[in-house]
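Sharing a structure here in structure tokens format.
Letters A, B, C and D mark the chains in the order given here, with residues in each chain numbered from 1 onward.
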Amino acid sequence: MSSRCLRLWPAFAAAALLCLPACEREKRQFDSPSPPPTPASAPMMRATPLQPGNAQLGASSVPTAHMPSTDYRYENNAFAVSQGKRLYRWYNCSSCHAPGGGGDWGPALSDDQWVYGSSPANIFASIAEGRPAGMPSFAAHISEDQTWQLVAYVRSLSGQLPKDVAPGRSDTMSGREPEAGRDRERPKPMEKSDGNKR
Amino acid sequence: MATSASTLRWLAACGSVVLAAAVRAEPLQSVLAPAGPQAAHLKDLWDVMLLVCTGVFVAVLVAVGIALWRAPRADSSQRASLPQELGPQRGARRSVLSAVVASTLLLLFLIVASVFTDRALARLSLHDALHIEVTANQWWWEARYDDAQASRMFNTANELHIPTGRPVVLTLRSNDVIHSFWVPALHGKKDLIPGRTSTLRLQADQAGTYRGQCAEFCGYQHTTMALLVMAEPPAQYEAWADHQRATAALSQEPQAARGRHIFMTTTCVMCHSIQGTDASARRGPDLTHVAQRQTLAAGALPNTPENLERWIRNPQHIKPGANMPPSDLPTDDLKALVAYLGSLQ
Amino acid sequence: MNAGSEAVRRNSVPPTAADAQALEATWRDPPGAMGWLSAVNHKAIGKRFILTAFGFFVAGGFLALLMRLQLARPENKLIGPDLYNQLFTMHGTTMMFLFAVPVMQAVSVYLVPLMIGSRSVAFPRMNAFAYWIYLFGGLMLYVAFVLNIGPDAGWFSYVPLAGPEYSPGKRVDFWAQLVTFTELSGLLEAVILIVTVFKLRAPGMTLNRIPLFVWGMLVTAFMVIFAMPSVMLASTALIMDRLVGTHFYNPGEGGDAVLWQHLFWFFGHPEVYFIFIPGLGFMSSIIPTFSRRPIYGYTAMVLALIATGFLAFGLWVHHMFATNLPEMGKSFFTAASMLIAIPSAVQIFCWIATLWTGKLVFKTPLLFVLAFFVILVLGGLTGVMLASVPLDLQVHDTYFVVAHLHYVLIGGAVFPLFGAIYYWYPKITGRLMSERLGRWNFWLFFIGFNGAFFPMHLLGLQGMPRRVYTYPGDMGWSTMNAIASVGALMIGVSVLIFIVNVVRSRRSGELAGSDPWGGGTLEWSTASPPSACNFEAIPVVHGAYPVWEPRREPTHVAGLAVNSREVLTTTVLDAEPDTRMPFPTPTIWPLVSALATTGLFVGSVFTPWAVVWVALPVAAAMTAWFWPKRQDTNASVALERAP
Amino acid sequence: MSTLSTTGGTQSSAMQRREASTRERVQVRGATLDVAELPSFGFSHRSLMWWGTLGLMAIESTVFALTVASYFFLRSHVAVWPMNSVPPELRWGTLNTVLLLASLWPNHLAKRAGEALDRRKVQLWLTVCLLVSLVFLGIRVLEFQSLNVRWDGDAYGSVVWLLLGLHTVHLITDTWDTGVLCVLMFTGPVEGRRFVDVSENALYWYFVVWSWVPIYAVIYWGGRLL
């Protein structure tokens, strides 16, 4: 009968192949390769975390000069996204953008309005360089790797990530439905003046 | 026969090996080396239990041994005897009944012993007890020493100092998942459950350093979530506490000053706090007097400059999964940072 | 089997060769791959069940060896925390959900009908369905593990660690669904066993003549029915928390993490007894045979089993002594946890009395049973220690508990199980296993086991917590961990020897004949291996050990159809003939339904909508399963006789 | 309740008569016990499926009981209940309860018709039961809407949705069973055992109805009285 059992194996092998993306989703990468300090990162050191970014930087102009190689890896990694969610709380992003990204002092991150662009590169730039009207620059204070984790999480707030990667509800007062339960917003850019709105 | 005899031999051998091992290593967090009244009560109960249970175990093995020894041998072809042929078997009934009665009585005795121990544990007086709020995090311990006047409260992490001979009341909370507070030399476990608050009362009678560690599985670094309890004579404790209340030392040594600047302007400041500076985040351990601690990262490493440097360079090599990111600081910046942290006596 | 067309032929006593042939043709599973997939004969399903369960046993054991390898020396860098957490979670989950409970049900699916003189288990198609569900559940878990989706929150999956915030990804979802699979299978098997024992016993097998193993399985089945729903509910709530954002375990919204612990242990503690009580059943079957006399104190044994079943529900809280509980409650659970030792003690004393007054036959099965007295008694006594609240506060969640639970489960279930395999292997295959290899297997297992687990008691007392992936070198734990690893390796070797023995004896073992051990219960009165219908003529029972009893009339049942499937049902208490029921024929639909159900469970890990959409194929398959085939209907109409 | 007890009574007496007759149907001749004359099916505790159904009912009652226990456990941990919503509207739930209790009658008639092996009557009453249970399912949708809370609102919402959901699953499955059985009774093939199925389907419906009563009390009154 064991020989008969063998007949079932191809089926399971096929199933296994179908599941292969899972490996990426489930990887727990603890120590990111830390690149040698780029000359770019040195001048970006600032005395206080709360210095507004320079206004010249706009939505379109993603500063490719000292922009690290854009890293989409985390868009499919549930662990990294959940780390991003933790950092969003730890680094007080929630104090301006509200837990769940509904927006408060800062613009909402869970809707389809993107003042400075919705691509991971744009969001990375927004966090690293900061933006006018109050968004500080965190380049010196948040490691590149963690910034990418934050980027991935921020995109999950408006349902940009696959549902099996986006985080579930958190163990706190839950403002609104969990990130994994959100429908994908169709991001549309906004003229910069609205940046100061709300 | 063969079975039980060889078993006893095996157990004996095993026991001796184990005892040898036990004697050689000085027990850092042994249940069997109590250093305070609570742990002592538990040790007494253990002794009673061990005695009774060993007695029962031996009795059962002897009974089985005798049964195997005295029963005649047969082979499978031999016809089995039937109840009517075996007769009433009064002897067997009497011995079975008495064995059942005996074990019931022993169990009742153990229940009573256990209840009395429970009472004894509850009896620890709380007269001028020291109150400490312990909050568990993945994967380190945060301690806040309470005081009537807020100015005299202070925070520390992963290492508790307590005065000997004075009761201590620990208020236990968790910031994330369930952990369990356990310092075997002082008391049994108590879980720290998010959304709930529990308390643990203990007391150390002999001065000494007692190790404990998280006893409820709490994720990747459940392994590396140790804490040290230093029991000190009251005077020595008070001196330590006063020093803890003071804000961080401000070293004029240039290397340290540069390190301080680096600390404030890079990733460190996002999670750690140092009293008397701008650093006030509470995500990681309070570093106000970090140089005084014996270990780094909840018992991951002895606290030496080299280890500190290794730790900051890449915590993930030492404590995989810990919530501290690797650092890409240039080496000289890193050395300055270590110098600064080393100055935080 | 189109009995509708030809006339009904009924068996006579003694059965003629023609009867035997017709019965064989009627009850055999159809040939070919298709026939294999649609098999419903309880012996075929039982054998697959047992083999699958042992497959998972070996897999789980292998994971344990990896863990012992990592812990063999301090600060070992071999396995990191991420993999180690998956390893011990998979080990626990495999052994508890995929081996220990299913293997007992598997053995009883094969044996119970033979022991109570029936042609089959009740609901043979349901039985097949339960097996397929179990198989697919287990495969799902291991495919997930290979794909790095292995659950890593412990086999007890405490929230919030297993909740949506601290276990991202799908790992815990797969764990929760595995629970659904195995519990569904387990619950169905429980119902099947209860109905089989209640209604399909041979005439004359009154309640006080039921073999003790069958009594044990009956008690177990009842416990399963009342305990397993608890963990299904808990894991459903967990997966809903993770996938659709409910708040059962979210303290921020009025949920509570301790609710999980109550629900889990309300199942988790009785589960120990699902595993342990069948072990007692094996003991009570093997000891009388090898001491050539009926068990001493049959009634006391039965009452003890039932008492254990009841008490087992009164002590789940002793897994939670370290959480905040009211003092009063703690004392109650201490008492309950200690008193459950008494029924076990009663049985142990009765066995000793049986050995004491018997004539002993030293064969491998008896060796394994005797080891029980050493290992289980030690485990039981440490259990008494753990039952005491204050002492538990010290040793809870340390290696002391690891030692205790392995002494109880391996000593109380696995050793008797190995004995049972040596004992019933000739019945299943017709050949005896090698005594020489058997003794090697036994002594390596016995010594290796004590080497692996005895030191853990002392590790626990020296403060080594469970579920740590490594430990510092200066804790004084190194020596005993090394010893434990060596012991674990010995166990591995002995299991290898066991596998060799099973495989070799299958081909070249000594021929057994119907009753190689001179056993007294009904399974020894039929051929080895038994024919497709188990008994050409159903025996009539006059005592607890029918084979040993002197011949009394009537001896056998006549008048059951031989050319179409028909079983005799009897009354629940006195086992008087009640009806002769037409019985289900082989069909592919249980497999199809199981596949559809698997689709539903796995799909629901990824989207709640799977529950809605995949429910349609499930319903369709099950309807097709229920819908009577015309020829079957004709067959039973031909046999029909209104009450 | 009265319906149940009376049926139970009449049944058991009928059962005793039947068993008396079976004893006569078994003959002992020397070594043989001849069962050729035994009936090929029986109702109530004589049928395997009856015991199987009982087993399922035991399992499901345990699930319901544990869910209700969880409800009270959660309630005992918060100050206000419902936590931040108003209790569900009584209208639809109560209507459904009344209808469910009323449905016991056609259900009982279907059971009796089954035990009398009366195919015509069985067809009639099964159809009635089927239609009635479809009505319940319709109203059940309205019940979900009148709960005044979402499952992901708070723990109260979660457990209330779970309770109502669990019972709805039973409604759906039993409706499906009744439907299949009903169709089968019209199309055939029919044999004696199908009437046993009818009687057990009715038994299961009793369970679905009586298990609803405590669940109704908890869902609709728990939020008001606790």
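Going forward, a contact is a pair of C-beta atoms (placed from the backbone, for glycine too) under 8 Å apart; a residue touches a chain by one contact, two chains touch by 3 or more.
No experiment lies behind these values; they were computed from the predicted model shown.
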Graph distance between subunit B and subunit D, where chains that touch are linked: 2
Each chain counted as touching subunit B and subunit C at once: A
Chain centroid nearest the full-protein CA centroid: C
Pair with more cross-chain C-beta pairs in contact, given A-C and A-B: A-C
Intercentroid distance (Cα basis), subunit C paired with subunit A, Å: 47
Distance between chain centroids, defined by C-alpha means - subunit A, subunit B (Å): 38
Chain centre separation in whole Å, for subunit D relative to subunit A (CA means): 51
Centroid distance [mean C-alpha coordinates] between subunit D and subunit C, Å: 30
Two or more partner chains touched - positions in subunit C: 82, 160, 166, 244-245, 247, 250-253, 256
Junction residues of subunit A, two or more chains touched: 28, 30, 169, 171, 174, 177-178, 181
Interface hub residues of subunit B, defined as touching at least two other chains: 194, 220, 320-321
Chain-to-chain touches, reported pairwise for every pair that qualifies: A-B, A-C, A-D, B-C, C-D
Contact footprint of subunit A on subunit B as seen in their complex: 194, 220, 264-267, 269-271, 278, 281, 283, 314, 316-317, 320-323, 325-330
Contacting residues of subunit C [partner subunit D, same complex]: 10, 12-14, 122-123, 126, 187, 190-191, 194-195, 198-200, 203, 225-226, 228-230, 232-233, 236-237, 240, 244-248, 250, 253-256, 259, 262-263, 266, 540, 553-560, 566, 568-569, 571-572, 576-582, 619, 623, 626-628, 630, 633-634, 636-637, 639-643
Contacting residues of subunit C [partner subunit B, same complex]: 80-82, 85, 153-154, 158, 160-161, 166, 251-252, 256-258, 288-289, 291-294, 296-297, 300, 322-324, 327, 330-331, 334-335, 338-339, 341-342, 345-346, 348-350, 352-353, 355-363, 367, 370-371, 373-374, 377-378, 381-382, 384-385, 388-398, 446-447, 450-451, 454-455, 458, 460-463, 465-472, 474-477, 479-480, 483, 516-518, 520, 545, 548-549
Residues of subunit A touching subunit B in the complex: 28, 30-32, 34-37, 41, 45-49, 86, 90-91, 140-146, 171
In the complex, subunit D residues that touch subunit A: 152
